[in-house]
Structures are given as C-alpha cells and as structure tokens.
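Following this message is one structure expressed as structure tokens.
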Amino acid sequence: MKRSGVTQLALMLSPVVVTLLFATLILLAAGANPLEAFGNILAGAFGSAKKWGDIAVVMVPLALCAAGMLVTFAAGLWNIGVEGQIVAGALAATWVALGVQGPPWLILPLTLLAGAAGGAVLGVVIGALRTWGRVNEIFAGLGMNFVMVALTNYLIFGPWRPPDGATMSGTEPFPLAARMPMIGSSRASLVSIGLAVAALFIVYFLLRDTHWGLRLKAIGLNSAAAARMGINTHREMIVAFVVCGLMAGIAGSLQTTAVYFRLIPQVSGGYGYLSQLVVLLSGLRAVAVPLIVFFFGAVQVGSPRLELRMQLDSSLGGILQASMVLFFFLIKGWRQRLADRKERNA
Amino acid sequence: MKIELVNIHKRYGAVVANEGVNLTIAAGEIRGLLGENGAGKTTLMRILSGYTFADAGRILLDGVEHHPSSPADAIRVGVGMLHQDPMDVPQLSVLDNFGLGQSGGLYRRRRPMLASLEHLCQRFGFKLDPEAVVGSLTVGERQQLELARLLALGARTIILDEPTTGISAPQKALLFDALKHLAQEGLSVVFVSHKLDEVQSLCDSVTVLRKGRNVGELEAPFDADGLVHLMFGQQLPAGARPVVPIDGGALEVRQLSVRDHRLSLDGVDLHVRRGEVLGLAGLEGSGQQLLMQAIAGIVRPRAGSILLGTEDLAGRPYGAFRDRGVALVPAARLEEGMIPGLSLREHFALCHHCGHGLVLDWPAADSLTREQIAAFHIVGQPLTAVDKLSGGNQQRALLALLPAELTVLLLEHPTRGLDVSSAQWIWSNLLARRERGTALIFTSTDLDELLQYSDRIMVFSGGRVSAPVDAPTVTVQELGYLIGGRGL
Amino acid sequence: MLDPLVIATLQSVVASASPLIFAGIGETLTERVGIVNLSLDGTILLSAMAGFAAAYLGNSLLLGFFVAAVVGALVALVVALSSIVLKQDQVAIGFVLTLLCADLSSFIGLPYVRIPGPSVPYMPLGVLASIPVLGEVFFRQNLVVYASYVTVFLAWGWLSLTRPGLRLRSVGERPEAAFARGIAVNRLRYTYAAIGGALVGIAGASYSLSVKLGWSHRHTSGMGWIALAIVIFGGWSPFRVALGAYLFGALKSLGSILQPSYPNVPTQVFQAAPFALMVVALLVVGGGAAWVERYVPAKLQRGILALIGGSPPAALGKRFEQL
C-alpha cells in the first residue's frame, strides 16, 4: 500500500511522540517540570560546540557494537555478552598501553589489535558455550559480563593500581604514546570515527553481498535446515560471535586509548546493552543505525545535566532510550494487527 | 445423531475450500468422505467439529441448528473429531490426557477417571497403560485414547480424518470393529479417507468431494471404478515403469546398528545397485527414517559400515557424505529441507555457490534460478519466499536444489500431501535420475506407490527389517502381512 | 551440635535465598504456561524500589509487598500482551523492559536512596524453632522466608495435583491440544504471567524489606538473571528450582563468610562467583545432559537425568493462533 511521504514520516516518528508522552508522565509523577527536563537534555547535548565532540565520543562505541551485533542477530543470536567483549578489549588494550614501550605508530595499532583479540577471544568462549555446552548465549554472555567486570575491578585495585594507591578513578593515566590523537581541542578522535564508520560499511557489505552473510541469515531463520544444506552452523555461529567481538573489542580499546586514557571500573559504560537497543530499534537494518546512534548519543550526553540542574537521576536518558524501543515494538505490532484485521474483512 | 450440512461455503483468501456443500448423514450410519488432496474434506469436517467457521451455510444436529464456536463447544453438542495427528499432549500421561478438559473440582480424582478409561478400553479391546507417557505411544494407541476420551465426553458423532495412516493392521481391525459397534448403537461416523479399499470395507455409503463440491453419493456395495471416476473425473493411466539396465553397486551397508531415543535398528545388511529403486515399507516410526538418516550421514551409527564404492563412510561427518553424492530429501519440507523467509534465489545461491570467493554474484544466481524454475515447472519467481510456495512446488524446489548427479538419493515420503498430477511429475523426475545411474531409496506409506515404482522393497516393523523382496512379484497381501510383523 | 557460626551461616543462606525462590517459582509458573519473562532483573529492581517506597510512605509492610506484587504483575502482563496480542518477540520485549525498569527504578527511586525504612520483623516459630539444626536454620526467620517455603509446596501441589495445574501444563506443552479441550489458552497465559510476575514483585520487595534493607542504585545486582538461570537449572520443577535458589544463596553468603579466612583471595572472585556458577550450572544441565544422553548407558541415564535433565515446555515462547 503506497503511503505519502508525510504519513510515512509520521509513522516513523510515532514511537518518539509516545516516548515523550510517557516520559512526561514519569516526570510529572516525580514532581518535575517536563519541559524543563527535556530542555536541559537538549542543552546538555547541543549547548556548545564542544558537545558535538562528546556526542561523537559516545556514538563510536555504539556504532561499533551495533555493527557487530547486526552480524550476530543475522544468525539469530542474542549476543548480550557484547558488554563483556567491550571490557575484554579494554583490558587487552590497557595491558599493551601500560606494558609496552614504543612510539605511537607502534603502540596505538597494537592496542587496537589487542582490543580486537580480547573481544574475539570472549566471542569464542561464548560461542563454544552455546554450540557445545548448550548454554543459551544470553546466560553465557551475562555470566561473562559479570566476570569481566569483576576482573576489571580486581586489576584496577590490584596489579594495575597506580603507585600512590588504588582509587575508583582507575589505573594510572596512559603514557602519551598510548593516546589516540584528538581532533583539535574536542574529545573526538578521527581514528575512532573512521573505525566506526568503516565497521558499519563492512557489516552492511558482509550481510548483503557475501556467501557468509547469506549463510548466517539461513542459520538465523532455520538452523536445522541450514545444517542439512551443508552449512557448518557451529563454526559460523562462533565466527559471528568473533566478528562481533572484534568490533566490540576495538570499541573497548578506544574507550581506554581515546576517551579515558586509562582503565576505569565502568569502562564499558553500559554501551553493550545500549547498542542492543540500537540494533532492535533499527529493525536489523544497517542503514538505520547511524541516525539512531546519533539520537541515543545525544541523550547520553545531555542527561547528566539533569543531575546538575534539577536533582534528577540521569537515568531519565535510559528511560527515553529504552521506552523508544518498547513503543517501537508495540506500535509496530498494533499496526500489523490492524492490517491483519483489514485483510481478513476484505 | 443425524447430521445435516446445508449449503456450506468456505474460502481461504482466494482459494475455495468448500462451495455449496450439502451433506446428510443418518444416525447409525458410517459415511465415507472421499476425495483427493485439496478436495475440501478436511475443511468441511473442521467446520462441523468447531475448529473453524463456515463463511455461509447451516449445521443441523438432530434437526436443531448449531454453530459450534470451538472444538469444546462441538463436543458439548456431541460432535467429536479424531485428527490424523491426535490432539493430545505428548508430555502428559495417558490418564492425564484422558481427563484433561473434563470438568470437575479442584483435585483430580484418579479412581473415577481410571474406572471410566478402563471401562471404555474393555468395551473395544483397547490396551492402554494409564501411566504411560503419551509421547511413547504408537499413533494407533493415541487414536484409541482420543476415541475413548471423546466417547467419555458423550460424543454421538465421531469424525475420523485419515485415521489409518501409520497404524498397524491389527490396530486398524480393532478400530473398524469399534466404529461398527458405535454405529450399531446409533452414533454416526464420518470416515474421511482417500483409500478406496478401506472405504469399501467399512462404510455404508460414500460422499465424494471434488474441488470443494459434493459431486456424488453412492451406497454400498461400491464400484471402485465408479468411485475413481467421481474423485478424479477420469480414469488414471497407470505409469509405465521402464526397465532400466541396472549395473554396478552404488551403496553397501553391512551390519549397521543405529539408535535413537525410541528405537534401535540392528544388524542391517543392504546392497543397492546403480539405477535401482529401493522402497522402504512399514509403519511410520519403524526405523525407515533412522536408516535413511544413517545412510545420509545425518545420524551416526553405533556399529557397522556404510560403503560407497570401497570407502567406508560410517562415523564420518555429514559433509563427507554430501561430497560423495549422498543426499536426503526430508518429508518436513519447511522444517528440515528449506529456510522459510528466504527466497528461491537465495536458496540456489546457497546451494550452488554462485560467484567467486566471498562475494555473491546475484545476477548469476538469478539466471540459475530462472533456469531451474523453468526446468522443474515451479510456480513461483526467483524472489518468491519458499514458504509461500504450495507443497508441490516446494517439493519441486527441493529436487531442483539437489546436485545434478548423485550416487544415492534418499527421499522421505516424496509425494506426501501432493495431488496426483504433481506426484506423477515428481516420479518422472526421479526416474530420470535413475536412468543416469542414481540409486533411489524412498519411504512411503502408500503401498501402491511402493509397488509401482520400486525394484525391491524392504519392510520395517518395530526395528526389524525384512530381506528385500522383489516388487514385481510380491502381492499387496504379502506386503501387508510383512508390515504387520509376520515373517520378519 | 553444630558450631553456632555454621548455623548462622545457614540461616543467612536460607534468608538470602528466599527472594530467589519467589522469583524462580514465579518464573517457573510463567514459563510452564509458555511465556518467557526476560525482564526479571529489571522487574525485581523496580518492584524492590516500589515496595520499599510504598512501605516507607504508607508505613505498612503489607502495602509495600502489595505494591511490589502489582508492579511485578503489570510488567509481566506487558510481556504477555506484547506477545499474544501484538505478536512481538518475547525475548526482545523482555530485554527492553529489563533496561527500562532498571532505569525507572533508579529515576523514581532517587529520593529514597539510603533512607532507613521498615523491615520485616524476626519471627521464630515457637516449637518448630527448637528442633536442633533444622529448626534453628529454617524456623528462626521472618514471615517472608516462611512464605517462601509455602510457595514452593503450593506451586508443586498446584502443578502436580490439581486440574487447573494440569491445564496450565497442557497450555505450555501443546496449546492446540489444550484449545481442542476447551481450555482458554491465552486467558490462562495472561493469568499465570500475572501470577508469576506478582511473585517476582514479591521477590523484589523481599530484598528491600527483608534481605538487603533499603534502596540504592542497582540494589539487587543481577539477581533477576540468576533467577532465570535457576528456572532452567531446576528443570522447570518447583523443588529443583528451590534447590537451585539455595545453592546460589549459599554462594552469595559464603562470599562474606569465607572472605576473612582467605584475605589473599580478591573480593571480586566472590562477587563474580555466582555468575560464573550460573554458567557452570547451565553447562551441566545443557551440555552435560546431552553428553549423558549420548554416552551413558540407558539404565543409568534415567537417574542422572532426573537430577540434571529437563526440557523446557514445548511451546515456550511460541505463539498460539486460533484459526
């Protein structure tokens, strides 16, 4: 059924509208002024030129992980362990940054490689648990997430603590050679942005135009028949986890070498879980990811202002992001229901 | 109970399932409902038994108009339906299934339920263990349970949909006796089937449906030719089987032992020559599928060898079998054979690796798909999703996806659910492969199909296998005995 | 006579396992009827916060538990409705709700952070409490813990002995057959999703009002996921689920007990242990059971599989369409 451009736009935006209504209700219930709250978020996100850099900083890990998860979702897998893969990448990169001496052109690529490897190794673990251990990847991933977080804390308060004592700020700051160059005075790094964009393009190409991508789709739709058709489902699933791990691991390494310049306890920042929301909202379409990542990034950057200005918890940002996805699904289902009913009465 | 169906209409989208069907069945009558696949028999009975609604028309039971809104509603007014795959819960016990749906208090009182089940079983000579898990029963036993349950709920009409597929000869005899008894007590029985001989032996009268319409009714005794004429509109020519020179061994199986959680098959010996067609007969679940899956490399045997040429493939991974030209076409087309959601083109791209290295060549895949669509007369486009194809076209697609040359082709129920012309087309395609030297092994529950196309037939019964019998010389009765377990 | 320290440890294990029992049994009921409620972690957080806030504001523990149960039931109903009416994937909706409810709990709960509030009073059960060992461990607790015992027995009895329980099971295994027998499949799914959700809500309240008093950001740290794993580990069977709950409760308590004796072992090991164990437990019932089926002779299989085997309800997560 052909729809006018305006109607299509309205339909796409309906989850946004409902989300705002929902958030308004919550804010009113909490005794806060909704308009003021939204205004603060916007101001927090776009208030100054510097903020654009901050948004880019948030968009990078989101985009990398979303790209990786498009791959795992294609194979029908719920890679909740991506959060742990980010941490694994961060740990590996930190190990290089703190342990290896050398010029930047050696160290920095090494941190990226280490990060990718870290994420990939975790991908193998989760994949093996899923294929041979029959452990649902949701639980395998979650288990690994918590283990990785514990490992991070151990390292920060133990072997990698700064010489003058362990603190919640994390490890010692990285030497200059292990820091990614920034764009001007902003916090954004060209390398990070380039890698994120490349990841999205690569994944788009992989899924649409390669044999491997088609095999993944087959596995995601009917793994039993795919196996009968000669596809090595176990191997391809593990490879999918590894590919996602490569990208998530790179995101993790960038968090240490391009954002915080050290290893901090919350190095993954919940980006793993957040990128799941991004992918769900995109309807598994790579083309929709950049816009969604931008929106989510803006909300992430703007929300802390609520704590400063209004004594509200910044989790309002998370509420906006998650309810957007929820209403996207609910509205999609409702529209499908109406369409089915119309077809039946025809 | 007297049943009157008046002017029933039902369509599913563009497909007309029932068009102005009128049907009257007297109390105490056993009525056969004949027709080929897609004639509308099952739809009509689903309407009568409350599983679906007619678009127009009326249902009168003993003169009173009813509109059963659900199966439970239907049984309340006395109409019960026994499905081909009985509607039971396999994970629960016989007694639980018997009692499920019966009203009562909070606690399940076992003794009255047991007594009721016992009584019904004794009446008909059924032997059911109340504590057995239904999933472990044979199809025949599940039918008996369902019949008992419907009677316990007060059914005065029993509809049976293709009940004899997959049950043993003794079970069939028991069932027919039970139905005759019930008819004598005034219940009406509707026997939906496509098997002429069973209808002839059981029914008092027959209604024939074709393309959604009631095209005729006959009283016993029936003239088989007349029935066929009503069902198909013309005499079917029997397919002639060309004599193909059979030379050279294709497959040899020695002392094979395979097991799954329900069944074990031991000491199977088999020798199949190039171009030979081997039919596997017997009730479903007697081991045919297991053997075929072992030969295809899907299931690993516990002992024995599978020789292709001089190479023993037993224990090797699935890929090794595929590489040496062994392929299996499953009966569950969309569950095991193809990927619902992917298009024909994507299937061909997957199977034939169109393009170089990593990158897919979509135009090449497209043209290959078009070629195959033409060659196999598939009604569909390259971009059509395979789940949107009809059963017959799905089967053609499955065959088209196979490599051109195969050593051994195994087929599970190759023509199940297909109408006669589709079935004939499939067989002509299979016989063409045979002429190129492929050995064919297939299972079927249709004795006519087995006799018509096989060179030799092996009969399976409860995990035991007969020696292969020559198809041209064996009779239907002999086959029936073998299937019943005698002489193995 | 056992060392009083051991008794105290066991008491603590039983107490800290009680929320997991509520959540595990609740989710068992929900999954037995065919619905996966993945939102447990978020629901527990939200209901813990809501229960605490309600109990604090209304100065009534009963109100707190009631509000928590309602919150839990509502979230579960969102999952059920989205799946049944709107035909969306239960796992996706559940996951999104996990994050949403967690954030809602942080946002709405901000005013209540670290405020001392009511707690369920200690209530030893007279005669029963004097039984050596067992009595001391199980009957010197509070009312909420006693309720957890009752819940396990009630759930088992319901599923195994009653007609409604049989109907529940049939819906989760083969809804078409249940429908053919006049059972209102979707209505039962809503009902048990709500009941299960209410129990999960009570689990949340038992954290903030009984086990880990008060409210703070991400108060219950991952217990919802453990509860989901316990359901699988327990083979969807109430007594085994309870066993799993005690096992994890033991692990959590052991952390704080053993730490002083082993100061060299980093605290993070104890923090991560429950989640590592979760993976191991699932490995045992998943890959382990498969291994047993393949390599262990049939006679021994049945005994072992009764303990570690168990397949999900056949229709879990699948939609039922009435044509």
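The letters A, B and C name the chains in turn, as written, and every chain counts its residues from 1.
Note that a residue touches a chain if its C-beta (ideal position, glycine included) is under 8 Å from a C-beta of that chain, and two chains touch if they have at least 3 such contacts.
On a predicted model such as this, the values are computed, not experimentally measured, just so you know.
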Exercise for review: Name the most central chain, where centre means the mean of Cα atoms.
Suggested key: C
Exercise for review: Using the touch rule from the top, point out the two chains with the most contacting C-beta pairs.
Suggested key: A-C
Check your understanding: What whole-Å value do you get for the distance between subunit A and subunit C if each is reduced to the mean of its CA atoms?
Key -> 29
Check your understanding: Roughly how far is subunit B from subunit C, going centre to centre by Cα mean, in whole Å?
Key -> 44
Practice item. For subunit A and subunit B, let me know how many angstrom lie between their CA-based centres, rounded off. Key: 49
Study note, to complete from the structure: Touching subunit A in the complex, subunit C uses residues 38, 82, 85-88, 91-93, 95-97, 99-100, 102-104, 106-108, 110, 222, 225, 228-229, 232, 266, 268-269, 271-272, 275-276, 278-279, 282-283, 286-287, 289-290
Review point. Can you list the subunit B residues touching subunit C in their complex?
Key: 51-52, 70-73, 75, 87-92, 96, 99-101, 104-108, 261
Check your understanding: How about subunit A: which of its residues touch subunit B in the complex?
Key -> 209-212, 214-215, 217-218, 221-222, 224-232
Review point. Which positions of subunit C touch subunit B when the two form their complex?
Key: 161-164, 166-167, 169-170, 173-174, 176-183, 293, 314, 323
Review point. Along subunit B, where are the residues that touch subunit A in the complex?
Key: 298, 318-319, 322, 328, 330, 334-342, 346, 349-351, 353, 355, 358-360, 362, 401
